[in-house]
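Shared chain: chain A. Partners: chain B in the first complex, chain C in the second.
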Partner chain A sequence: MTRRQYIRLAIGVLCASRKALGKFTDEFAVIVHPSNRFDTLSRSKVSYLFLRKVSRWPWGAEVAPLDLAQSEPIRRLFVQQVLGISEEQLAAYWIDQRATRGVSPPLQGRDVEAAKLWVAARPGGIAYVPSSALDATVKILRIGS
Partner chain B sequence: MKKYLQIKMFSLCLAAATAGLAQAPASSESVQPQEVPPIQEISPNRSFPLDVAGYVDFRYLNDDAFQQHNFFRQYSASLFLSKTIGRWRFHSEFNADTAPELDSDGIHLIRPRPSLSVKLDSAFLNYNIRDWLQVQTGLLFIPTYWRTHRYQSTTLTVDEPMIDQNIFPTALKGGALYGDKYWGEGGVSYMLYGGVDQQSDFRETTQTVVTEGAHVIGGKFAVHLPSREFFSTFDVAFHRLHQVDRGGKPDEMYGVELQLRKSRFEVLGEFDHASLDLVNGVRSHIRQGYYVQPSYRITPKLFAVVRYDRLNRNSFYADQNSLARQSAGLTYRPIPSVSLKIEADRYEPQAGRLPAYYGVTAGAVWFFHLP
Partner chain C sequence: MIFRLPLRSIRTKFLLVGFAAVLLSGSVSFFMAAEQRRQMEDQLRSGAVNLARQTEFVMAPLIAFDSRDEMKKALELLRTNPDFAWARVSDETGTPLVSVGGAPPTRCDGKSGKELSDNGVVLRVSTPIVDGGKTWGCLQLGISEERSRDSAKRLWTITIIGALMTILVTLACGAYLARTIAYPVTRLAEAVSRIEHGEWDTRIDVSSGDEVGLLARSFQSMMQELRRSKNYVDDILHSMNDSLVVVDKERKIRTANPATYSLLGYAEGQLVGEPIERITSGIGLLDAARLRGEESSSGFEIEYVAQDGLKIPVLASVARMDDHNDSVICMAQDMRERNRGERELLSAKEAAESANRAKSAFLANMSHEIRTPLNAIMGYSQLMLRDSNLGSGAKENLNIINRSGVNLLALINDILDMSKIEAGHVKLNPAPFDLLGLVKDLEIMFRLRAETKGLKLEVDISPDCKRSIESDQGKMRQVLVNLLGNAVKFTERGSITLRMSTVQREDHQMWLSTRVEDTGPGIAAEEQAGLFRPFVQSQSGRDVQGGTGLGLAISQQFIRLMGGEIRLASEVGAGSTFYFEVPVQPANGGIVSRQMATRRVAGLQPTQQARQVLVVDDDANNRGWLTTLLKIIGFSVREAKDGAEAIRLWQEWKPDLILMDVRMPVMDGMEATSRIRQQPGGTDTVIIALTASAMDEERRVVLQNGANDFVSKPCQEDELLQKMQTHLNVSYLYDDTEAHGSDAGATPRPELTRGAVQELPRELVVGLQLAIRNGEKARLNELIERVGERDAKISRALKKLADDYDYDALTHLLEGAPE
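Right after this comes the complex of A and B.
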């Protein structure tokens, strides 16, 4: 195999993996406060908000993520597709964050209605809900590839 | 007069900069938020005035002292107390340990005994100006990868790599500026720190640790490399530290770190080097070591890990002071807060001049948090 063929193969693998990650299910939607200036954010940026790697929106509002309880069926989909890790890896991540930085995971919402209430009441709020539960009190934040 | 004007100008600039930092950011609230509902309506979690977490850990370890290889049991417990209010965050770590000789950092809270120490390992106050500019002051850990992420609930191995606590000092009393900035998938992190460190010093043949104050200044720069999502983590970091001990002799240290994760695979690697007791730029001796640790997630709860580990504590007596270790182990996490580990080790003392010896180590950890 020549060097050029190796490079083509590497580029092919990179593109294939990118295509695989670029797909998101339409079963859930990420929601923000209606005043939020963003319409679309990349998957990695949304993950930074939920993993508390970014604490403020560019205009200064504090990022206030709300998670859903593990019993909610769409939570696993969200964790896998947007955070890009498994539930077990997420739990290990929060143990590490609590120990090293004293940072706790986002609060867990009682249910989907509570998630919408949370986001509608906070300019920096962000959460995710089933697409079927969307209403006018919140704004959809589309996830770009 | 000119100097007075310069000082005045500087003061005005500083005041303007401070006002800029403290200024409330522009609001985007064209839509007024609804009334904030009580937290009990939102979450079933009980609220608590303080975030409380910790872990209890039991380890059956092989002593890596160079002239002896005996086994011993270690019990330890750590407690983390944290509180975040707006941009301020306080975090502290308390540690009780039945093998105090393995823990070289912290401030003793009770008179140390041969088989028990209770210490404040870390306590800091953090102010978030921006995510890329944060200020921290207190008792801080030196930010080598393993020192920062050494907690038994999250590590895959039972024992720490030999370079941990043996090359870089472990903690300092002082302050730090640090931050992160992300662009898309990639980003950078930095930390600049200074203060009085708790330098570890070693006799040539035993692991006796003597801590002493030294003035330290250092920095770490990490790049989170974008890989078009081929790797989920691709971090490379460079670390530099300069310290002057009580005798006035400077030491220079540097380290390089790598963390690579792709699907079920992860590789950690660290290389640290210390040039010690420099006189006119000429070092008395060096201390250096490295480890490479690949791991594989067999199932969501079961991990396999191997590590190659090497340390040379003093280049004057390189033969007597070098030790290599190869480890292979399994970690099982039936639930995320419980970690059960077992590991087989092979030690090569004195650069192969002595016969290799073998050992088995095991550990059990339980992590808890309130609320």
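Right after this comes the complex of A and C.
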């Protein structure tokens, strides 16, 4: 498969998943550093951040996404609802990204706590946690339409 | 003369082909270059679109987060493309966000186009930036066409150079081909064209060694051959004295030889292409000949018209030529000379003919004039011989007179014969006749003459000689009389021999072979040649006086007429032999009875009823002797002096026979004859014409006018009486005791009866029969002598018969002998 085909595949996957997605659940929340100027971001913009298509925030801070381990139950929901693709498609995307752009997938937090710490510690940090685990150390980034 | 190249000459064709090749290669190059450029442009455009797509994919998140530095970086990356000119990213409202490379201020409208910038022509493409179903903005890209234009330019340059080289090579090839093929071929064609226009001396200077050169050389030699043959024909045409014209089917003159021009007075070459009617109107004959499909016909007498209008009679002959033009050759011979010659010849001929007619008329008249008095002389001398009171001296004198008359008559006849022979009027009258009878007559005729000169006359007839043959008796007799007469005349001592035989040759033709031998003085060799020419006499002929010198000439002509030739074998002092052979036919029919010429008529038989004879003659002397003669014989005679009187007497007296003279005053004999014949009962009377003319012509006319017969004047008594006997069917008493006439040597036959012969011994009769059957004349004579020992009278009679070769009579007599 050429690169271009992968790209098309990815686009197709994204488009398809969104349709299949339907409505977001409230079981997880996207969290950013409290200094972050955005309160709300569209779902696609959020996905750009997690898929490392954008490297800096508009104000210059480096975008630092953190994934959760696959064992975390909400990861599956996040991938499905926000990125709009399956785990397998995601894995293929990253293999392609690594090969073509030298971009590696985001690091994976050990647990939800680690994710909160990652975001609190970095101005450009962004991660997702279950809604139950939210606290003041992080800012919730609402996903708009 | 201009020899224009045809439009489609080989050179033109080469040029056309070259031009077409150049055009083709040029246009192919052009289209190829244009196609190349179009493809390049397509490639450029699709490249630009791809570039834009790739960039677009990256660009959506960057626009989403408005990260312009990233955008710029991403755009800067595009500069690695060598054709990149500029790039710009606008947001979804069209507001420019980031641009690199001096982008022009065009709106991002999703359209592509071209712009001229400082860097040359730039291809502009714009594409919306879409991701996740959302249009984030617009990407515009400027791609320089310079590079592709450069390569297109290079391609163009190469194409043009290639095309130019193609043209050059084509032209070079064309020039080469033109030089090596077209040029020699053109030279050849020009030469041929010149030759076609009559420049026969044209040389072909093509020296190349290829096929064209070969062709040229072959052509050259062919042309030489052609020139030779043309010269040959020209020589023939030039050397002809007669006019020769070739006319094609449009009736135009194609060729005319110099003789034609000189005959008609035109300048050489002036007639070619002219219609044939210009020189003759008689060409219709030629057309007719052509229509009849004849290959050739000759002998037309037509007229040619010269330039000055003079009509020239020519003898023309035409022949069709075997060409595709359906041409006709007309040869004409100038007839003027010939016509002149012919006219002269004709007038000369007419002059000669009229002279000849005058001669013939003169001869006829003269002979008539001479014959008329001669008739009286001979008639009265014959009449006087009947007078028994005359003494023997007077009788002898009368005989001399009579003989002289006969000689004179013979002379006239000879001259007349000769003139007739010369005029070609003599024809053969073949008829069956008794050959042995003729010989017997001749023997009787000449025996006395020979014996009075002390000569021996011998007749040797071969035993198998045919007794009767078909030939011209009169002429044969005349020839033999002449030859025998000459022999008797010129021989002084010795003998004269007549030998005769008939021979059947291989071709079944029977020939009569005759020799007359004498022991005379002979004829010198130098005289022999001229002997048969008229009026030429040998020395001895001149020595012995008399004769016309015509006899042998006439005889020779007669024998030639019969198909033979009299030849002569003679030496001086050793005698002469004249001999000839003529073809004869054996006679099939009965033998014509011999003329009883040797017996003199004494009178009519007493039992005979009286017959009435009318003598018509203007000459009283002739009437006189005829009347006297006929009255002596016992006829009842009356006289008339012209035709009118004859008719009157005929009406009142009804005679049995008329002796009618032809030439008379008041009414001539012919008219009188035909008038009598037209009257009722006019055919009962026998009419015998008496003519002094020796011309056969006149005799024929006489018979045509109704005469039963004719008798030539001077009349011979026996001939006249014999003819009267034939026509009146009377019988005469003969006076056997006395000879008469000119040939008085004839011996009367002794009376001989079967009874007398029957008394002869048997062995003698058988011997005689054998001798006769075997034709042994000597043995016969010997036996007859033995008969004489017993009975002199019978012997004399037999001897006479044997000497007369009357073997028939002898056989008849002997057959009656007892067994």
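Keep in mind that, in the parts below, the second predicted complex is superposed on the first by the 123 of 145 C-alpha atoms of A that agree within 3 Å, B and C clash if a C-alpha of one lies under 4 Å from a C-alpha of the other, contacts with A are read in each partner's own complex, and residues count from 1 in each chain.
Assume contacts are C-beta pairs under 8 Å (C-beta built on N, C-alpha and C of every residue); 3 or more make two chains touch, one makes a residue touch a chain.
As the structure is a computational prediction, the values presented were derived from the model and not from experiment.
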Which superposed partner A:S55 touches (first chain B, second chain C, both, neither): both
Chain B versus chain C as contact partner of A:L77, first or second or both or neither: neither
First, second, both or neither for A:T137, with chain B first and chain C second: first
Chain B versus chain C as contact partner of A:R110, first or second or both or neither: first
Which superposed partner A:S86 touches (first chain B, second chain C, both, neither): first
Which of chain B and chain C A:K45 touches, first, second, both or neither: both
Chain B versus chain C as contact partner of A:P34, first or second or both or neither: first
Which partner, chain B or chain C, touches more chain A residues: B
Contacts of A:A120 with chain B and chain C, given as first, second, both or neither: first
Footprint overlap on chain A, comparing chain B with chain C: 14-15, 18, 42, 44-45, 48, 53-56
Touching residues (chain side chain C, partner chain A) in the complex: 54, 57-58, 60-62, 64-67, 69-70, 131-134
Complex contacts: residues of chain B adjacent to chain A: 24-31, 33-37, 39, 41-45, 51, 53, 55, 78, 80, 82-84, 86, 89-93, 128, 130-131, 148-149, 151, 153-154, 180, 182, 184-185, 227-230, 232, 300-301, 333, 336-337, 367, 369
Partner chain B, residues of chain A touching it in the complex: 13-15, 17-18, 21, 33-37, 42, 44-45, 48, 53-56, 59-62, 66, 69, 84-88, 91-92, 95-96, 98-104, 107-110, 114, 117-118, 120-123, 137
Complex contact set, residues of chain A against chain C: 4, 7, 11, 14-15, 18, 42, 44-45, 47-48, 53-58
